[in-house]
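Common to both upcoming complexes is chain A, partnered first by chain B, then by chain C.
So, the complex of A and B:
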């Protein structure tokens, strides 16, 4: 344990001297994929609530596919599968993008969390109380203003508990990045394991770090809930 | 029909392994969940504490980390135990090698047992206390109260959560290919590497998961209908 800490503390925290690794990498993966997923999910959730089957149909299909298959399969597909396709291989822009492990990882993570987040926001938007919407209409708000001022702020607040769950699950999902050779916490732990053959120490240390990050995220979200959901507290 | 360039049977066998692994892990985590929920709701302080530690630790740590931790450590622990047994009695020669399938079942069951504990805890609490007291008043033993009264009613509340957990387990079995089990993902990867058409075979693997999801949704609907017998639904 001491040996691992002495030799790998820097790699576990932020860098192995050349690249960003460890906790910094894990958090970077988490923040970027959740940010892209969020931006993707908001318009898709609104589209999912549309009455036109040609609009909600594709969004439903996207959710069905990405929530029905394991993230590991999606990551493999994007990391090893897409690059093998001829047209990707022969288009310099695409080839450059899909050759990088971190790009592929972020891409698949963002698509995956986007699908789950869409479903969460979809439910929250659908459950907006009709009184709020009618009040907005009575004020003469246009559809855009109605969404911007009434529906989305209210829906995002109510979605916060579910969304915090999704972010924690995403933190756990970032461990898959190590299978694509991205140097996150688990990759460093795995390197420590192959160097020392002490699996309990190496992976136990990683587990502890993940536990700490999970708890910090839970605390952060609890604070946010207390702030944003204050009007709903009984 | 399922030839797929000669790799159809291989992938089908992988899919069978995936289903087998998920069902066995479901059984293990179901039982662990029942035990954990009973411990969480028991009057015994030590049991409550142990169950709380179990659920918080397991749910705070990524499943892949736990899987690697348990998979690699379990064999070492087993070796230590067998070494110790052998040193005790020289005439014996114990040896036990953990295959990826067993350790997959054990680890997945252990991890998702924590999630089932939370599901069952909520469901146990949702059953009205009077029902249990009525059972006791009729002279039923606790085990009979559990079997005839608590379990059937609790399942109704637990089913949506159970369905979710099942889908998560099904998808988590894909991780077991990382520790070397030849499940459907592993088979698809092998086929892809051999034919240089990884994209196609991984899509097939994804399709297998989609089919399994659809089937389990159907089964869940049937189960829900079974456990909803005798419950009046409000007409909206």
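So, the complex of A and C:
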């Protein structure tokens, strides 16, 4: 254990000297994919609530595909599959983007968490109480203002507990990153394991780190819930 | 009876100088080898499920010399040392290179064979395995291999982009897709696993690695046994010497390779 800590503390924390690795890489994957997923999910959740099948249909299909297949398969398809396509190879912008392993990983992670987050927000928006909406209408709000000032703030608050779950599941999903050569915490733990052949030390340490991150996330979300959902308590 | 026994004992003693006799309580009737049978031509499973390959044949030859039964057990490589410690088998026979790290955990026999590390590049790229040639290029290696350590020790500090992969097949896939400019692995794996397959037609060996002052590539490939069993190790070493002496080794080598895979580095001891 001490050997692993002495030799791998830097790689576990932030860098192997050349690339970002370990905790820094895992958190970077988590934050960026959740941020993109969130921005993606908000408009899609509104579209999913539309009555026009040409608007909610594609969003439903996106959710159906990305929630219906394993993230591992999605990552493999995007990392190995997409870059192998001819038109991607021949379009410099696309080739440049998909050549990078971290781009592919973030792309697939964001699409995946985006699909789940869309479903969470969709449910929350759908369940907005009629009273709130009617009050807004009676106030003479336009549809846009109604969404901006009543429905979305209310829906996001109510979605918070479910969303925190999704973020923690996403943290656990980042362990797939090394499939696409991105050196996250698990990759460093794997290095430590192959150097020492001490599975409980190497992977136990990784488990402990994930536990700490999960726990910090839970604490953060609990604080946020207490702040934003205070009016719902009782 | 005694008269008959005395010469037999004398013969046994004479033999004893060449072949160490067992003093263990358990009768020595078989050796169980742990094998990761995913690494042709050294060890793999035939379509019918039988173990086959150069290592397997060498193992059988060793057992034949020692006049014991040979049993092979399949075990994935990353868990093969813990499995040996857990007594799932008596010895590791799985193209394992002797490295200082591994030698801390288990003991190794004398050299079985030795294969150089080589760089695969696209034909016509002109890349050779040196930091100067590969500067600014991307080189793929399999995580956990000595080749990964090599590339990270000598090349990465000098501006070569080294990328680690979970499996060797992924390295080849990215070499084909163009993400990688070159890949580093042992030469026989490169030859059998890639260059001799249809996919590898446009690729060639850019050269073998020779520069290794820090000895990260380790020494040679050997059989691994638990540290508390010097008797078994002595027997295996003796059998390896015998199959070299009686020509069995050369015959088996000719069956698989068209070059000498024994590097005669036997003088170089395991660290």
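Quick notes on this structure:
The criterion applied here is as follows: the second predicted complex is superposed on the first by the 234 of 234 C-alpha atoms of A that agree within 3 Å, B and C clash if a C-alpha of one lies under 4 Å from a C-alpha of the other, contacts with A are read in each partner's own complex, and residues count from 1 in each chain.
The criterion applied here is as follows: a residue touches a chain if its C-beta (ideal position, glycine included) is under 8 Å from a C-beta of that chain, and two chains touch if they have at least 3 such contacts.
None of the values given here were measured: they were computed from a predicted structure.
Shared-chain residue A:160: touches no atom of chain B or chain C. By the document's definition of touching, of the two partners only chain C reaches A:195; chain B does not. In the overlay built on the shared chain, the residue A:13 is in contact with neither chain B nor chain C.
Touched residues of chain A, counted separately for chain B and chain C, are more numerous for B.
Once the two complexes are laid over each other on the shared chain, residue contacts for A:89 go to chain C alone; chain B is not touched. When the two structures are aligned on the shared chain, A:80 is found in touch with chain B and with chain C. In the overlay built on the shared chain, the residue A:99 is in contact with chain C alone; chain B does not reach it. In the superposition on chain A, A:187 contacts chain C only, with no contact to chain B. Once the two complexes are overlaid on the shared chain, A:179 sits against chain B and chain C alike. Shared contact residues of chain A, touching chain B in one structure and chain C in the other: 80, 84, 178-179, 190, 193, 199. Within the complex formed with chain B, the residues of chain A that make contact are 64-65, 68-74, 76-77, 80-82, 84-85, 171-176, 178-179, 186, 189-190, 193, 199-200, 203-204, 206-207, 210-211, 214-215. Listing the residues of chain A that touch chain C in their complex gives 16-18, 80, 83-84, 89, 99, 101, 178-179, 181, 183, 187, 190-191, 193-197, 199.
Listed in rising order, the residues of chain B touching chain A in the complex are 57, 60-66, 68-69, 72-73, 76, 171-175, 177-178, 185, 189, 192, 196-199, 202-203, 205-206, 209-210, 213-214.
Here chain C touches chain A in the complex through residues 78-79, 81-82, 101, 105, 143-144, 152, 156-157, 162-166, 170, 173-174, 177-179, going by the rule given at the top.
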